[in-house]
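As structure tokens, here come the structures.
In what comes next, chain A is part of two complexes: it sits with chain B in the first one and with chain C in the second one.
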Partner chain A sequence: MALSILPIFAQYSVPSNLVANFERPGFITSAGQTSDAAIVKVLANTRLKLGLDYDIAAKPQAIENAKTLVLVLGVSNKGLGAAGLSLEQEIERVKNIVAEALKNNTRIISIHTGGTARRGEASNQVIELCVPVSNVVIVVEGGNNDGFFTSLCEKNNVPLVQVPSIAEAGNVLMSLFAAQ
Partner chain B sequence: MKKLFLVWFVLIGLFVSQAQTENGVALVMSEVKAGKGVEKILSLSDFSSQVKGTPFDTPVFFLGDIAGLLTKNAPEGFLSGKVAERQESTSKDYTVAIIAGAHANEIAGTLAAYWIIEHCRVSGGTLIVVPRANASAATWSISNAAAPILHYGARLSNLAHENGPDPDFFIPASALESFPALSGQEVRNLNRRYPGDPMGNRTSQTAYAITQLLMQNHVNAALDLHEASPGSSLAWSIITRPEYLDIAALAVLQIEEETGKSFHLESSREEFAGYSHWEWGKLGIRAFLVETLNPAQPSDDPTVDQIYNDKAPLAERIYIHLCTVKALVASAYEELGDLVALNIEGLPSSKEEVQKWLLGME
Partner chain C sequence: MVQKNKNVGLAMKHGAKNFLLFLLAAFVFALPLSAADTIKAEITASNGMVASAQPLASAAGLEILMAGGNAVDAAIASAFALGVVEPNATGLGGEGMMVIYLAENKTTIAIDYRSMAPLADMSKIKFGSEGHVAVAVPGTVAGLCTALKDYGTKSLAEVMAPAIRYARNGFIVSETLAQTIADRFDPISRNEPLLQILAPEGLPLQTGDIFKNPDLAVTLEKIAAGGPDVFYKGEIAEAIAKDMAKNGGFITKADLAAYRAIKREPVRGTYRGYEIVSAPPPVGGISVIEMLNMLECFDLGSEQPLSPRNVHIMSEVMKRGFADNSAYVGDPDFTQIPVKGLLDKEYARSRAQEIDLNKITTSIKAGTPNEHPSTTHLSVVDRHGNMVALTQTLSGFWGACVAVPGTGIILNNEMQNWSSRGPNAYAPGKRMRTTIAPTIIAKDGIPFVTMGTPGAGRIISTMVILTVNLIDFDMGVQEAIESPRFYARDTEKDLSIESRIPKETQEWLKSIGYSIKEYPPFDLFFGGAQAILVDPKTGIMHGGADPRRDGAVFGF
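After this line comes the complex of A and B, so read on.
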């Protein structure tokens, strides 16, 4: 995670030391109950055939065997309601799942695809929780219009790959995983 | 071009303002001309008679292979020569419904439906289009906002057309006990009245007729086209029940590839009682609520230039609605598996093509 230079890969090139650097089994969950997690799941598994496990509201034990955890960032009040969770309960769940990942040396990829709609105060809380513990952050550019991800990644020495579209976020995700 | 448009707009505005507003069917038929792909036109009252002859009755357009669809009530002359007799619909039919105009101030959805009616041909299944689900709402406006081709209406039914006054508060019929009461005027919000009640107010009767339309024609997938204000988190989103999120997610990817617009998804829940997608979904219909962004909402600001708006021009919103129709029809079909693919010809290839149509320059 510690890099001497913290480039923002505006042309969505991926740092060479991260290419094929993440292993499977991988697990996708949300951090904030955004349904964008379903988009990332379909992108990763239906389109790119990465074969990652998925549970939008996964508990820590679900990721015990994962070598890579993909966190889809963004708070959705509707998603919280559908899962029967308050924001505080969801933040606790995310803290627990991150702690499980760190305990098992599971590497973390954080993805934000929801643009400005997933950048309110609650979403920012979740982002501030997940970005510092991530090995790489992928953000679709609309979600970083204010440079929030840029400054947070710089501060925490986390590489940031900014892409123009959700499809390109998928291409970055594909490049991160080692071939099986 | 702007000058030409203004002249055209004034003429069209005069024309539509003279349309008979006491009959919903007449109002809608004054705004749209059925193209060659339309096989038959029924009225919503053919599916539930309570709205017959009221400002809530509205045309229902059928495109594609309609032999298996309900035709018993088709008015004389409304059936094309291809339709000989009614046959029972079978599970092999792939039938999609496009419902627009539930909120008549969310104009891009209705115009997208009008595009389909005027330009498209369908094969491999049936497309049912209701461009003005709440025709009564098209007869009044809270701010005299205007748009080309159609009446810029209101979010709610016209109170003058209802069969009673608004209550003090309103709770959708299928809501849980914990559901917070809505403002009484929401009793005239079509998208809070599904699945509808034949004994309810006119808006609820309309919702009931639409639900009957979907059920009697064995609709597999239904799209409800809406718009949201710039400040709403719903702008540029698809909302659906949890079981249909994957279908919507696939569509989001296709929409982005075609238009460059990244939609987000919202998962609905019990608090969406009375909403189209929630209630239709209970009936096994793959139901999706689609929201583009209308810069004039929520006040229906009449000073907003819909055509040349720099954030969300009308042609772009219509184009994106139509791309969403194509994407959701395709991804819902993928999930359904063994049915014949529904092919829609005549969708626009660019927003510029839609702009020419809006300006009468095709």
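After this line comes the complex of A and C, so read on.
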């Protein structure tokens, strides 16, 4: 059923061993305070009805019961300011939340939807932190123009699914979650 | 008129029958002036001109001018249209201030339609930047309707027609608009009515999408038919009050019914022989003039505009002006503001004398003036010499991230602008201080420039830079707008600059103690200025719009 939502002309493929391989409850948070996390939340919950929990600045205890953690990657200075966090504090938060996920065997989906606007030195720091510990990475294509995600995923043996649009990223996300 | 703007075609696409004709006419009678080293062409025209932050809003004003309306009619049409096509920055749920020059009797008036704190005691409330508590009583409808009734010639229905058309038929989302949605999508997603407007199919509107707001079209039609009372005393007031009560907000029908736009005397000063007429407290014109008074003590024109010395002097002046703004400016109906003292040339000279040309001042306090009693912009000029400078805002982009269900109205977050103490401390019914500063410049009593900018705290500094560019460096209006900007404030440790500021200037500033925060070459952080300059000798209008935003100038 999950596969049936993928368009037959899709220019990407989801590794078959990952389809319906992620369980709920799931939890969405940002890695870098990008508001793209809210876009993924609306996509996942309003459009795809996945019913994932959400907190853009979640602390480790919030994900204790999650079986899947969705990390939305990208540093936003405006987002950091709104959350009252410095980049260093945000990186520390991400490290802690990743550690909590690994401790609980929570599986991690990293997703980057922000294109070139969410790349750069600071964003690359959180990407390099999250990609190696992810079970799958989804990237909307503009964000991987320089092949950064490709080489990082290859180096860490993490499956990468590159899609042309945020809507397609939603379809991939949908396919990853097992039906309830 | 023939700017490269991809959005203009949209109105044609959506079928305004006379739109093609008037655009063709505008094309014939308005000319781009090739200005070296500017991204956008400076536009010239003889009969009327509108510069605003969005092409369709400029087109709305031009449509009214070409139909025989005066500058006020056109400004009101553009302002209502901006509320539709630049909804992140302005709209019926916002507020503003305008300065009008009437050529017939040579008078200048300011209309204060700043938002107002609800009358309930909210002194225990912590004001944030989002949600219903952040919303102040909106002034836009009262301000625009007052200006039209007293100084316009057209009916409300006539000037609102383009806005209604845009809201109903839609317009193309620009990259700038899409980015503002993405940037605040987290709070946006927490308000279902706003989410329905900005993510109608479950994803935020993207560049190139069509943005329609049919509920807003209906709301605008109701106001066009029934006047401002529909908003402040009728069914729209009812809808706002109901949504507030349901969500912990404080605005009641009584607050809305009590709201009035206020006519005020503009603040006036001079700069190197030019008369500066700007928006009075509680907004920022007084600080623009105070800073210009300080700058008059230095010969800026003897060096290049962005020389190390000039940037240092202007930064030091900005910091002193901002310190005085914080210390003395508030709602004049609640606070005694030392207007004369702050505008006094001698006071400015004493402040300017504090500046060391080779050393940064690290700690700046407000001065002591000799008296102790007290965000989008558009400019319009018509063939009669009438001028309007109008700046409107929701405070932050997307305001409180709250839309009133069923109306399409997005509400401001002005309540975040109170200070903890001083002249801008909160009080029920008070209007909060902001930095907007729509300004008119005159020479020998004849106004020839109307200009303004959004940009939060950068408004005042940008207005000073624009004035200096025009007067000290004799730049064309487009060149003045595009010139690299910088911003210093007494409360901020960094000097914020666009990266185009020469590296040698940056290095020298660092060597005397500046901490530099570099922004991209053209950054929205520094505002989006619009200006029209009328050549006093030829009467030709020269319009400039800011590439930092989606600005556009149309004339005929």
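In this section, the second predicted complex is superposed on the first by the 170 of 180 C-alpha atoms of A that agree within 3 Å, B and C clash if a C-alpha of one lies under 4 Å from a C-alpha of the other, contacts with A are read in each partner's own complex, and residues count from 1 in each chain.
What we mean here is this: a contact is a pair of C-beta atoms (placed from the backbone, for glycine too) under 8 Å apart; a residue touches a chain by one contact, two chains touch by 3 or more.
Only a predicted model underlies this, so the values are computations on that prediction, with no experimental measurement involved.
Aligning the shared chain A places chain B and chain C in steric conflict.
Contact with chain B, but none with chain C, is seen for A:G81 once the two complexes are overlaid on the shared chain.
Using the contact criterion defined above for the overlaid structures, shared-chain residue A:E100 touches neither chain B nor chain C, since it reaches no partner. In the superposition on chain A, contact is made by A:G142 with chain B only, not with chain C. Using the contact criterion defined above for the overlaid structures, shared-chain residue A:E90 touches neither chain B nor chain C, since it reaches no partner. In the superposed three-chain model, the partner touching more residues of chain A is B, compared with the other of chain B and chain C.
Touch criterion met: A:T46 reaches chain B and chain C at once. Only one of the stretches 366-374, 420-428, 510-518 or 528-536 belonging to chain C overlaps chain B in the superposed arrangement, and that stretch is 528-536. When the two complexes are laid over each other on chain A, chain A has residues 35-36, 38-39, 41-43, 46-47, 76, 78-79, 82, 114, 117, 166-167 in contact with both chain B and chain C.
Across the complex, chain B is touched by residues 34-36, 38-39, 41-43, 46-47, 76, 78-79, 81-82, 113-115, 117-118, 140, 142, 165-167 of chain A. Per the touch definition, chain B reaches chain A in the complex via residues 233, 235-237, 239, 242, 245-246, 248-250, 252-253, 256-257, 260, 262, 264-269, 271. In the complex of the two chains, the chain A residues touching chain C come out as 35-39, 41-43, 46-47, 56, 76, 78-79, 82, 114, 117, 166-167, 170. Every residue of chain C that touches chain A in the complex is listed here, in rising order: 129, 179, 182-186, 188-189, 195, 199, 201-204, 206.
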